[in-house]
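Across the two complexes that follow, chain A remains constant while its partner is chain B and subsequently chain C.
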Partner chain A sequence: MASATAGPTPHAVSAGERDASRARGRTVKRRRDNRAGWAFVAPFVVFFVAFLVVPIVWGLYLSFTATSLTGAGNHLVGFANYFEAFGDADMWRSMGNTVWFTVLSTIPLVVVALAMALLVNTGLPGQWLWRLSFFMPYLLASTVVSQIFLWLFNPQLGLFNHLLTSIGLPPSNWLNDQDIAMYAVVGTTVWWTVGFNFLLYLAALQNIPESQYEAASLDGAGTWRKLWSITLPQLRGTTGLIVVLQILASLKVFDQIYQMTTGGPNGSTRPIVEYIFESGFTGYRFGYSSAISYIFFAMIVIISIAQFTAGRRGDAIARADRADARRRRAAVRAATKGQAA
Partner chain B sequence: MSTATIDPQSLQTSTPTTTVRVRTTKRHGPKWGPARIGALVVLIVLAVSWLLPILWAIDTSLKSETDAAAAQQSWIPAGGFTIDAYVKVLTQGQIPVWIWNSLFTSVVVTLVTVILSTLAAYAFSRLDFSGRKWLYAAIIGSIMVPPQVLIIPLFYEMLAMNLVDTYLGIILPQVIAPAMVFILKQFFDQIPVELEEAARVDGAGRLRVFFTIVLPLSRPILAAVAIFVFIGAWNNFLWPFLVTNQANLMTLPVGLQTVKSAFGIQYAQNMATAMLAAAPLIIVFLFFQRQIIKGIATTGFGGQ
Partner chain C sequence: MSPLSRRQLLVGGASILGGAVLAGGLTGCATGSTAASGADRLQFWHLLTGGDGAKMADLVKRADAATGVAAQQTVLAWGTPYYTKLAMASVGGRAPDLAIMHASRLEGYAPGGLLDTWDDDLLAEFGVRESDYPAAVWKKTFVDGKHYAVALDAHPFVQFYNTDILDKAGALGSDGRIVDISSPDQLLEVGRAVKGVTKTHGISYGYLNDGANLWRMLYTLYRQQGATMVFTPGKKAEVEKDAAMAALDFMKTMLDGDIAANAADGGTALAEFVTQKSGIMFTGVWDTPSMKDAKIPFDAQPIPPMYSEPAAYADSHTFVLPHQNVVDEQKRRDAHEFVAAIVKRSLSWAQAGHIPAYNPVTDSAEYKKLLPQAHYAGAADIANYDPQAWFTGAGSDFQTAVGNALQGVLLGQTKPEAGWDQLMGVVNKKLSEPNPAG
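== the complex of A and B ==
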């Protein structure tokens, strides 16, 4: 795991160095692999252009037209779609739902995953059982998960209400209750996808050298002390990676919400991707739908850049911390040496 | 482990994952203090909560419709367990067709994705051709593009190419996986060039080197990538949902969504369908548990 978490920087550096050395060599050797290189990448590039580049460009063009499903209205309308979207209360509401879902889901998806990994990593018996229980849901298709939870959340016959009433609590309307539906969807999502983050954490935990713990034990550190001073600091990189991935994944939520609530009740759970889908495929307004897609895309790009910058600052702080510690250790060594002399 | 000699990074990071812990705990010997018992209790509560939904779904699928919809729910149905729901679903519905569609499209997507990505990643790692840098930058940059943003123009494209309601329409847009190119290039970068250069000196061509030296060394990473792509394709909902209208072309996740409304209140059949859809990947997982876990550990964001 360390390769993937701490990885990007060292890898990038080594690749960069190689590039640089190749670039230097190039002036002498010229590009010797032109034909072979393009032959190897050509198949990928053909599909890449056809199903990624073309849609990106076409979508951008569509967003400036009034195109409908039939192709009618295929003329440029300038920024009209974008102006309309910025004044569209439903668009803002879905955007708000998406952000709210991201906040609500990311926190437990990181914290619960970490708790699971820490518990499993204590080496309690039954390793494969814990792993299977926590990770298996991740393998289920969204439709399967939705089916199971629609049944569990069923107001009359569902297991959840059954459990609530059996301990004397009032039953809930779950997905049909505007104030609760979002939490029910978030709960379902946590159950479904936490296993992936759990495995990332587990792999990172098992990479922490045992010697660090042994050294700490010799110094008389207890379980909690080791957790705070060794384990959690060592997991900082992994946590950064998981948070970044989770935020980006949560922002793209669609499947389970569409399948469980169709965005309801009263649009209280409708995410932005569903609004894109609906304005395109039920409203047949391809132009308008494309404009919203691009607003969403811009949001993703801005958030990615913000995370990247924050990550770099975090790295810089960590580096400064390490340098600090080194200086302190050096000072201590110098002091003890002085004493000895 | 054939990786061990080639890829020190993966040796360090992933190989010991499953074994190291077990050994250390044995050495220290389990001390059943209050902390350890507390941890076990919390773990059991978590595991039970995580298994409960699936167990309840299996339980429901094994009831008669009357018992499944009984006002007083219980784990053991009054009328005893039955596989009626499974029989009905398999004989009356289109589940077998959907399983086949899912299997076929996912396997093709996986094969094509792995082939395209491996060839491209190898070129980016080893071959010096004009435009290499900007092309790689463009591909890496495209990792940021959410597929959801492209549904409208992609659907338009499929309309124009007459591929709506065809296998190709389901498959083609799924074979582009820029993240996999990145992962594979990282891997190739770590293989020592000397092996290939020696073969080149002996007169082997680029393709020959690729197939006889590089690919055999890359088997573990190829397996990890293939498993990820397969899981992603098997579970993909949005795109197949948009591009198929005919029931006999639907993949399993899409078919389930339509059946949900069709079955209405037949809860046992509903759960039987869900369990049939869940079974293949769970079986795959039980067989490839180690590879999947290791794959996630080494490739990180591959799964998303």
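== the complex of A and C ==
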């Protein structure tokens, strides 16, 4: 920049020198700024490298070795761990459990959160009470939630079986029935974490301009029409965000399952994260455990890409729709203008 | 919600840092309060919490006073988390000087070089010899002929009973102890009679989501039939399926909803027994303090021999020397002296329900007066530990696999044959793999 402004005349040369020295000053200043900047990000960078970059690279290396917890077997074995994992029925079953949990939990965690937010936003009396009670469970530690629900699901003393038997239904074994345990865990998870999504939706709802509803009312739109044509489209962005966050959170499930069923009964709720933990820390096989982690990692990447593309296609459709609507409006305007003329 | 301002962030960050400094200062105080500094003290890790933890803390204090060895306890969560951390600490070269380990886990740790051996001469110098131990317990502290552990106790699976309720059910002898039971059918009959008194259940037994407790009862009944279970790496498991089927069949019959609840976990079973809604409970000796606290009239005995021979599942808490890259001879000597001092004072450990392994303690007059402990002390002589293998033992993958495969059998969801075959499938797979720690 500075050299570009420097002209050929003596007068301009001195001006150029001035500019150049100013530029030098700027560079020094920028360098000093950079130093300060680096100083500010250094703590993060140190943690990022030490606890994310290094473990990721190290884990990838481990996945090609037969390393055990004790450090024995520290030699390269090629893709043996990966081949073993692909043929490991328990690995696939755990992966399936994680995916099934994600499907089962994500849908209610979005739909229920939206329903609760819409209800609260209708202006019920005692809004703070609803907000508080819907959000409160989210603040509990996973251990607390697990304990509460272990007691509720207790086959002998639990509230749920008490309710079932009091209305004449047979009691259930809940967490100890292979066909029911996963649903029980999903129910617990929904109760626990729906508050966060609810809060996101509520905030988004309160950001929709009132004028849009007024305009729609003037055009004679009823409550349902306003919900379908204003509220839901305006929540599109938030819904996309919630779905992405929720899928990632659900794929990582571990705490409540480990605490409530330790993956049982008979592995029917064991998520892939627990299988990774078991392979490495109780089975001592770090190499194998790392290989499974990377398979899981690959799966998450695939899901993310799929989601991203689906999201983009959705956006493209929405853009096309909007363009379409603009064209139609223009056509209508043109037509009415023509009529007026 | 307003975004965090920079000032809030700085104040928050500072308070976190301050907290860390404070916490550091506090631990510093705790370790510095005695003469020796943290690093110089004998580092002792264990997994004993609750009543066991309090008793151990007391024992450590008394052994410290008697020997002048300043031991520093570190208490970690029972089971998998503890054993994982212990192994990693040994691998990382930061192992404690001394640790508690279940005897059943030695096989998984010793061959991998995670443990060092005890010096028998030094132990004898401090008064701990082979002749001071029940043979079954002493033998269990060896792996491949090397002495890796000093046993503190044996803690078998036993039978508790409520004397009041059993008296009413006509199941109490003239000596005030439960009548002799010599067959499975007879036990079921007594269970039914007791249910007639309590109206809820006759027997309490919890196994839900607790493969360990399921295994303890199953293995007791299995071994009582004289059946053996041998796991040899590289070979298929040598088991007697008929005996396993008979044991599972008996357990299923017992868990019929009348004699015992069909589906209960350990906590529920204990609650039922201490609120006198049942008259008999099958559980480990460690539940003794809870029953004492409940102030119910109760006694206990080893599981009655219902088949061909007496046998009881048991495990032992033992002291081990985690492997040190560089051995500090003074600390090694201290560890020997300290462990000998604890073992000799283990009468108080008996109050936690465990049977002290050191014979001079169980032979003492004070112990004989301790009830119901003295009434089940004989179970140490018929102690049966997990089949030896690197993947078996307390809190191991094997016990988890037992729960996975057989819980469904007891709940009536799986056929006994299918459940057993599933378990053997897991065991045979493990046997075909090399010991990853070896």
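Just so we're on the same page, the second predicted complex is superposed on the first by the 305 of 341 C-alpha atoms of A that agree within 3 Å, B and C clash if a C-alpha of one lies under 4 Å from a C-alpha of the other, contacts with A are read in each partner's own complex, and residues count from 1 in each chain.
FYI, a contact is a pair of C-beta atoms (placed from the backbone, for glycine too) under 8 Å apart; a residue touches a chain by one contact, two chains touch by 3 or more.
Remember, it's a predicted structure, so these values are computed and weren't measured experimentally.
Participant: Which partner does A:Phe134 contact after superposing on A: first (chain B), second (chain C), both, neither?
Facilitator: In the superposition, A:Phe134 contacts chain B only.
Participant: Which chain makes contact with more of the residues of chain A, chain B or else chain C?
Facilitator: B
Participant: Based on the superposed arrangement, let me know which partner A:Phe281 touches: chain B (first), chain C (second), both, or neither?
Facilitator: A:Phe281 contacts both chain B and chain C.
Participant: Considering each complex separately, which residues of chain A are in contact with chain B in the first and with chain C in the second?
Facilitator: 154, 157, 203, 281
Participant: For a test of understanding, state which residues of chain B touch chain A in their complex under the given definition.
Facilitator: Against chain A, the touching part of chain B is residues 9-10, 12-14, 16-17, 20-22, 24-25, 30, 35-36, 39-40, 42-43, 46-47, 50-54, 56-57, 60, 68-71, 73, 115-117, 119-120, 122-124, 126-130, 132-133, 135, 139, 142, 144-146, 148-157, 172-173, 175-176, 178, 181, 186, 189, 206, 210, 231, 234-235, 237-238, 242, 252-254, 256-257, 260, 267, 270-271, 273-274, 277-278, 281-282, 284-285, 289, 293, 296-301, 303-304.
Participant: Flag every residue of chain A that touches chain C in the complex, lowest number first.
Facilitator: For chain A paired with chain C, touching residues are 68-73, 154-157, 173, 175-178, 203, 261-262, 264-267, 278, 281-285.
Participant: For chain A, which residues count as touching chain B in their complex?
Facilitator: 1-5, 7, 11, 14-15, 18-19, 22, 26, 29, 31-38, 40-41, 43-45, 47-48, 50-52, 54-56, 58-59, 62, 115-116, 119-125, 127-144, 146-152, 154, 157, 159, 162, 191, 196, 199-200, 202-203, 206-207, 210, 223, 241, 245, 248-249, 251-252, 254-255, 259, 273, 276-277, 280-281, 286, 289-290, 293-294, 296-297, 300-301, 304
Participant: Which of the residues in chain C end up touching chain A in this complex?
Facilitator: Against chain A, chain C makes touches at 1, 80, 83-84, 87-88, 90-91, 112-114, 208-209, 261, 263-265, 268, 271-272, 391, 396-397, 400, 403-405, 407-408, 411, 413-414, 422, 436-438.
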